[in-house]
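In what follows, structures are represented as structure tokens.
In the two complexes that follow, subunit A is the common piece, with subunit B as its partner first and subunit C second.
And now, the complex of A and B:
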């Protein structure tokens, strides 16, 4: 029972970490609260669903969903954020909220308000050992998240672009004085972060077997809470916080059966942690 | 005789104007981003509703109590929130909305998803107030608040706020107690939102947790931003325009929220000062006419 809940919590936490990582990377480099990131997550799910309808192969649809999300993230950075970076911090925040509202409505107008079934099967089947049970989609989530996290870690620590990205997150001006093309690095950041959000969208679409216009509303705010919990801009902290929130949700609701909204858990955790550690779990002042 | 429909719109617009005005104290005057304003609006409304339906207090007593309760909760939540830097503040205030909405929704004492009904318009001279009279009452209170704001802006409190808004470190170096003035702005803004909540509850006669959700916070913020952050008349104009917009845009009902999101986006992207800000198109046109 306990191990079962642990597995469920980790599966949910993995998806949270995929959504939150893009947010934290964007914050680390541009200091923008990128709320429309959840819009890109929904877009990824829709693109994935649509391509699954066309080609019928899950892996291909995951890939196309990621590409679609990635490209739209780049467009947002290029045409909305970059021109207003010099303005007070509230400007990009409000632009982001406006874009998110418009995106949700656009999905509703184009694809309809009802949910669309995304019943992709990859053929590995469910895993049962005694009372312990992992569904196929949970295994899928764990595998995909693991691959993406390994890829991200290798990319950030072993490649020159990764090094430049980490340098930009620390101080973009000094990095640019070393001859690094900061604008290209920012664009790269958005491409990678949005691709992860797209992957998360596809995975949640398959996990819940549905894609719907407002599927991003709750992740939009929950991912922010996770990012703050981990220390804004801190990548390992974000993964840790995402897993903690995923586990806390399954334990409080699933095991202790407290009649409490699942989606408020992340915020309560965040507010409690911020009281004692104002810069998040792994954040530095 | 003005029709009941128009009176309803007028009252809604004035309550929104009061909310936008109170958020402007926090965001415009003291420069603190708050995405949680609807929570305090909700606290005011629920305090008033509970006092009326469960304890039998009249509107005239529960109105000031709602403002005080919202102000106290604002101060209590503001103290930990305002210690963190501005981006954290945006998210923690957002968290407050979700938690407060969850409390209203899940604790049976607050009526749950069904909300609280049976709240009446206030009584006076032994009879129930008419909507027109209620409108005039809210208007008088609002004008009084505006006069108060004018005096406050020119006092040392107003100066301290603008110094924090412009440069926190410099203000600190000049001996301004930053946390104290931030909390003061937060408390005052929350109290006025609570007042607006009380008016709202007695006008609507029925309140639900969904009335005070995150979307409401965003709407209030939009009004402030649309009119011009930190200007005196901007938030009020924003409340008038965005409050009436849903009524006149009924033909495009289907696309309303979409247009609304785009408007917000375009406004910030091309007119970040708002329509009454110092660099806005309206001001420029006005200046050109004057020069000519």
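And now, the complex of A and C:
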């Protein structure tokens, strides 16, 4: 059963990593706490749900959900963050929180307060070996996360845009002096990060079979804890932290059987790690 | 001069007549208050309750009202927020001057309003709130004798579920999973107590956070390890659907037994085919042949184009219980309370109420099973030892 809990933990941890990556990338380049990222995650789930109702194909709905989230992430960057970047960092933070609340209310008004069932047919099938049981949606999450992470890694390390993105995260001004269009790189960051959040939204929509207006409210702060835990702006650290949080939550509940609110685990992990490593798991001073 | 007096007195007469008419209008209506979580996290239940009570209102008024007067229902949305509910209770008493109140809300908002209505001596009938403090004042250690409950106490419903699980399903090894709130704790403690008394073993008791928990796989994996023959699960429809669905996904074969929180079309929709065979203890028997039940189900469907649920039926009943008391006793709140106290063998939509014990209803608990995507009758628990609420001192 331990191995079963391992699968449960890695599956939820994978989704956490998809949500948190966008957040950490935005922080890395703009030094903004992008709270409304969780709203974009919810938007991805709704767009996915809606397009699944229209086209009836899960994979297509996942793709459309990602595109929808990606595009809205770009809009947020272009029309909300860019105009106020010269202000103190508290200004974009307040804007971001405000936008997140507005988005939640908009989802409620447009799609109704009720939980919507995704009820997607994915067509992978379960995997059973003895008493170990990997459900279809868990396999789906593992495959999609794996593909996205491989894509992200290749993109960041093997392409010129990826190189420019990493350079911008280190020092945007110097990078710009080398003739790199920093504005375009920032936009790229939002496009990719938001697409991953959209994918996470659709995956959770299928995994829990529920899409609801406030589904982003817990990820909004949990992803923040994960990003800090991994070392702000550090991509491998974020993936590692997300998996640790997913596994820790699962083991607290399922193995140690401590009646403990799951959402506190990320913060406890964050506090413990920060006590010993003030810059997070893989963060550098 | 004479003409002036004549005109003046004519005006005066018209004036008096007009006044009289408006006075009669105000007096012609009986005001009843109602609150439910119409928006917010429990909106599906709140809407059900509101719809059902509005249906009841329409039926009563179309049949000529009560004692020749029409009923006016004053509806408020508490958004599942106790602070909001307190403000609503005060408004209903002071501004709207209602003579009775129906709660279509959960325990949280209902229990905080109970002492307010008690103090104002305005009778309240709660549709389905389960917390003991609705009918009981824990500080003064005496019943809120102006507050009545049409739904079951959590402990009673849990005990009835256990009665059925052990005696009819022969469950011996049972795992419990319940949400961490008043309702989840009360119903599962009632269940565990009765099940152990009847000789069953409780393997695991797991509590999950409410609201917020969506991923029940870690809990269910642990349950699967113990290999129980029955899982008693407590939660509202969203959690219930997740538990049932994820249990099926993980290959758990044990019978799942739930409670009235499952009793919603939303549960069936979200759980989908995994809901088949799930058994629940609840407060509505859809296969009850009595016309009051079948008419309600048909009329509700006709009016709102969806199936009625337990929450709606219980709120409908709460409203009708209040109406029959007004019919009997008139519009004086104290007389209404007296009539409610004397309720005997009332033929309600959610079952025959034999009486109220300290405001708590005494009536059989319904056991329903999901068959073909619908709730159907499976059994009725009417053992008086189980369904009679304990008298508190």
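We adopt the following convention: the second predicted complex is superposed on the first by the 285 of 285 C-alpha atoms of A that agree within 3 Å, B and C clash if a C-alpha of one lies under 4 Å from a C-alpha of the other, contacts with A are read in each partner's own complex, and residues count from 1 in each chain.
Methods note: contacts are C-beta pairs under 8 Å (C-beta built on N, C-alpha and C of every residue); 3 or more make two chains touch, one makes a residue touch a chain.
Note that the structure is predicted; figures quoted are calculated from it, not measured.
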Name the contact category of A:114: first (subunit B only), second (subunit C only), both, or neither. second
Just checking: does A:225 make contact with subunit B only, subunit C only, both, or neither of them? Give me first, second, both or neither. first
Should A:75 be classified as contacting the first partner (subunit B), the second (subunit C), both, or neither? neither
Where does A:87 make contact in the superposed view: on subunit B (first), on subunit C (second), on both, or on neither? first
Using the touch definition from the top, say if A:263 reaches subunit B (first), subunit C (second), both or neither. both
May I ask you to decide whether A:1 touches subunit B, subunit C, both, or neither, giving the answer as first, second, both or neither? second
With both complexes superposed on chain A, which partner does A:143 reach: first (subunit B), second (subunit C), both or neither? neither
Now for A:105: first (subunit B), second (subunit C), both, or neither, which partner does it touch? first
Figure out whether A:253 sits in contact with subunit B (first) or subunit C (second), or with both, or with neither. second
Using the superposition on chain A as set up above, list the residues of subunit A that contact both subunit B and subunit C. 259, 261, 263
Touching subunit A in the complex, subunit C uses residues 39-41, 43-44, 180, 204, 206-209, 212-215, 217-219, 221-222, 224-225, 238, 241-242, 245, 249-251, 266, 269-270, 272
Touching residues on subunit A, where the partner in the complex is subunit B: 27, 31, 33, 80, 83-84, 87-95, 97-106, 109, 221, 224-225, 228, 232, 259-261, 263-264, 267-268, 270-271, 274-275, 278-279
Could you pull out which subunit A residues touch subunit C in their complex? 1, 4-5, 8-9, 11-12, 113-115, 117, 119, 126, 128, 131, 133, 135-137, 204, 207-210, 212, 214, 218, 249-251, 253-255, 257, 259, 261-263
Taking the touch rule as given, give the residues of subunit B at its contact with subunit A in the complex, in rising order. 27, 33, 80, 83-84, 86-88, 90-92, 94-96, 98-99, 102, 105-106, 214, 218, 221-222, 225, 229, 254-255, 257-258, 260-269, 272
